[in-house]
Amino acid sequence: MKKLINDPADVVKEGLQGIAAAHADRVRVMTDPNVIVRADAPVQGKVGLVSGGGSGHEPMHGGFVGMGMLDAACPGEVFTSPTPDQMLAATKAVDGGAGVLHIVKNYTGDVLNFEMAADLARDEKIEVEAVVIDDDVAVQDSLYTAGRRGVGTTVLAEKICGAAAEQRRSLAEVAGLCRKVNANGRSMGMALTSCIVPAAGNPTFELGPAEMEIGIGIHGEPGRERRQMAPAREVVEMLATPIVEDLPFRSGDRVLAFVNSMGGTPLIELYVLYNDLRKFLAARGIEPVRTLIGPYITSLEMQGCSITLLKLDEELTALWDAPVDTPGLRWGA
Amino acid sequence: MKKLINDPADVVKEGLQGIAAAHADRVRVMTDPNVIVRADAPVQGKVGLVSGGGSGHEPMHGGFVGMGMLDAACPGEVFTSPTPDQMLAATKAVDGGAGVLHIVKNYTGDVLNFEMAADLARDEKIEVEAVVIDDDVAVQDSLYTAGRRGVGTTVLAEKICGAAAEQRRSLAEVAGLCRKVNANGRSMGMALTSCIVPAAGNPTFELGPAEMEIGIGIHGEPGRERRQMAPAREVVEMLATPIVEDLPFRSGDRVLAFVNSMGGTPLIELYVLYNDLRKFLAARGIEPVRTLIGPYITSLEMQGCSITLLKLDEELTALWDAPVDTPGLRWGA
Amino acid sequence: MPISDSQISDWIRAFAAAVAENKKYLTELDSAIGDADHGINMSRGMQAVLAKLDARQAADIGDLLKTVGMTLVSTVGGAGGPLYGTLFLQMGTSAAGKPELSDDEWAAALAAGVAGVQRRGKAEPGDKTMIDALVPAVEAVKSALAEGSALDEALRRSAEAAREGMTATIPLVARKGRASYLGERSANHQDPGATSSWLLLQAAADTLAAKDSQQR
Amino acid sequence: MPISDSQISDWIRAFAAAVAENKKYLTELDSAIGDADHGINMSRGMQAVLAKLDARQAADIGDLLKTVGMTLVSTVGGAGGPLYGTLFLQMGTSAAGKPELSDDEWAAALAAGVAGVQRRGKAEPGDKTMIDALVPAVEAVKSALAEGSALDEALRRSAEAAREGMTATIPLVARKGRASYLGERSANHQDPGATSSWLLLQAAADTLAAKDSQQR
């Protein structure tokens, strides 16, 4: 296992200490339980935004704490959802009297832990709403699954809801907006290599030198199918076709196109992919009016990518463009 | 070779097309010869900033074109310095009447090509100054080498000089500032894995499963020595000790600490490294008052990191904090 | 002879030991159809539980079980944390204020715990989850006691039912949890959660009944 | 019998062919002590030169050589581009306006080209660069002609001197270019640039002299 770490058991703790020290101007890190909080939390009169999930997806979620995005993030162990006491502590720390929104990725663990946390917070008289993000078209949404996973759209929802909360919109409005983003966002991912969970020490799955895994999640779990390596333009088609067909995205739609690295894929490849994606979209009359290209929701050092499309209207576009000032996403501030 | 590309020969071209499409609001991409230019270039009365180098280091340099940083970048083939005609075209495109600064990384190829370009530009009556960045302490600076390589400090110099140029400082002043940044910045890098140049198709060097290469450059070239894998805190010591001793950085110094991924190392590991770096610095009384943590000057998908320290004074700090609006670095705008 | 507070402690310690011993095995089962952490997570949680038990002041069994539940909830994470946490929390509620448990009170507590897991996770038997081991275990202990079996026999039958339920998950296609994303690819693998649940019931048979017969 | 414009073309084409043939070899030499691109870069440049030659209008030799130089400068990049570009540009200046070259004019043009490379790259013989092949080649052609040798003999001795210079780079520790970063680790490897320079001089011996003797 080749990693720039010390003891595998200390990765999350030391990573948090690093974040705390590097971004002391923006965030405060609480330990026992672990929570990353906006330095100026709670912001009075503002809906508090809390998210969280397993570690190993950096910059999500801790890197998105700050003005215009999250008020707090709860980092779990690597790829393991955090616990209710973290979420409760986060919720209490960011409650500015206007209620708290939990943005939850749809995994059984995340959902159950956030549910317990919301119950506990309500016991303490904090108004809490939860919205579950489930945008991964690789999972058949049916009675026979735990539902679609929450992936790339989570980042976009956190940004957009963060902007709305800064405008002092109500908890009901911000939650409604979060559901709207989720309803209009679709994602799918793939891997060229597995990642290695530090505590496990070896790759979660094995791929041959000419194989790739299509429809993966973000926890190193196996995907929908294994295929022979293909050129970027075919990979884009494999990912973008189910995305576009699912919503469906139609000619004339204006979208935010998000090309994400799973961690080990470098930027130049993301631009090659985006070049193929824009052609794919152009052929269908879909216009990418905003882009986000880089490693934003990762799986440790996994090589691979995911594509997310979010259908934009004027409201979402304006909220996307609004200032944001976090370690991982920053503009206008 | 596992890469998300089409034909290896088209990586640079398609990457540029992707950049052009993704960031049309900020940059314009010229082809034949390849140049990435600020959308609003030339900015009248402002010193034009041009840099360039081989591709494969993204976001450097193309991702740093925009308000407050570069006016143009010249992308060469992967890891091969660009050609004088690119640099000439860039220089002409950004000349707003106040002269043009070439920020050149110290590699024989980059230096010679930029020299020829400067001669050609002067023939066309454009005032050109060039500053060579040579901050890599892994190279013994002596009569017996081509001198130190230009690495991480380049990113910082581009940001800081870009801010000074926005303030309409003169060419002499901006060039002087660039030399000052170079004089106060030191870097060193290491690799856990080799990268694969697309046109070559196999790793530039081979490392055993428990080996790492210390003192590498950014082109997949071998480093100063090969060692057994070590914990992050020891890696930090191996890199930071020669950096601190070289300038030297002294107790009481305020620095910008830049922990960079070579491309394949994920953010969580950079934070673990930064956590060890801040302890290393604290033990020496050196205070990191600004941080930059992420993949900013990369070697394709190489796993590894580099550390850069820049000694700050008030002038440099203020220029670092000034607004910047590029695809790769953005704040305050 | 009722089940004592110290026997419940022994049961928890025996479960912790079984989880530690099977940490790699549980994680391997989870890498085939999940995310390769079930053993790591449960073992982290049970180590925390052991630390709590060692530091614990004497109190009633309800209190003991709630402490276990709370500790699991706040240290395990993932799906396993809230589910096992709920199991012990609900058992604790059922046993609230009791310094010892009769056979029927044990069966009632277990049933309450498993019902809590079902309410929280919404899984039915056959969904390929821990429920496939837990529900048969509750039924077995209840019907054994109803038939007049002694506690050791009832616990033995309960653990045996859990083992069978666990094995029966192998051919199933998962409909809950992370394994459900795999669809048909989830068949032919044993569910990790059902496996840890069997370890829990087996630990009960080994500790509660063993002491019970010694003390008889 | 002077060297004609079409012989110079043949020389360039022969060099392009030799570079294409040795593309992998040159790149391998460069991966040992550089960045694994010398063959790729030179071959990209010489392919561009061939395209230019095919499209070219008849003009003088100076013009031809300058076209080669400009094309290399704008297509090769790295250290090789400006250095080989300068070589041909300076040869072109030396041969400006000439429809054919006498033996001495050839030697003078080559010397001017190599002097240009030295001015640009500041390398001395012994620094483990292309200069180690080029400087002996110039000296050899000059002294052969001074001794009264025919052109074919002079070119042969020039190519032979380049080959020896190339081989002599093997034990050297590099002091210029990318290989210098390796310090002592650069010894025991042949310099890629010196190798391509030998190919250039060998191509001259094969083309300029061969035709020369046929036409004599």
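For reference, chains read A, B, C and D in written order, and residue numbers begin at 1 within each chain.
Here is the rule we go by: contacts are C-beta pairs under 8 Å (C-beta built on N, C-alpha and C of every residue); 3 or more make two chains touch, one makes a residue touch a chain.
Treat the numbers as computed from the prediction; the structure is a model and nothing was measured.
Common neighbours of subunit B and subunit D under the contact definition above are absent.
Think of each touching pair as a link: the shortest run of links from subunit C to subunit D has 3 of them.
Centre-to-centre spacing of subunit A and subunit B amounts to 29 Å, using the average Cα coordinate of each chain.
Per-chain Cα centroids separate subunit B from subunit C by 56 Å. Chain centres here are Cα means. That of subunit A falls 33 Å from that of subunit C. In subunit B, no residue touches at least two other chains.
Of all residues in subunit D, none touches 2 or more other chains.
The touch graph of the protein chains shown is a line. Chain pairs that touch one another are A-B, A-C, B-D. By the touch criterion given at the top, residues 33, 54, 76-77, 79-85, 107-109, 112-113, 115-116, 138-140, 143-146, 149, 197, 199-200, 204-205, 217, 219-222 of subunit B touch subunit D in their complex.
Residue ranges on subunit A touching subunit B, taken from their complex, read 2-7, 11, 14-19, 21-23, 55-56, 58-59, 63, 192-193, 209, 212, 229, 231-233, 235, 263-276, 278, 288, 291, 293, 295, 298, 300-301, 303-305, 325, 327, 330-333.
Across the complex, subunit C meets subunit A through its residues 27, 31, 34-37, 40-41, 44, 73-83, 85, 120-121, 173, 175-178, 180-183, 185.
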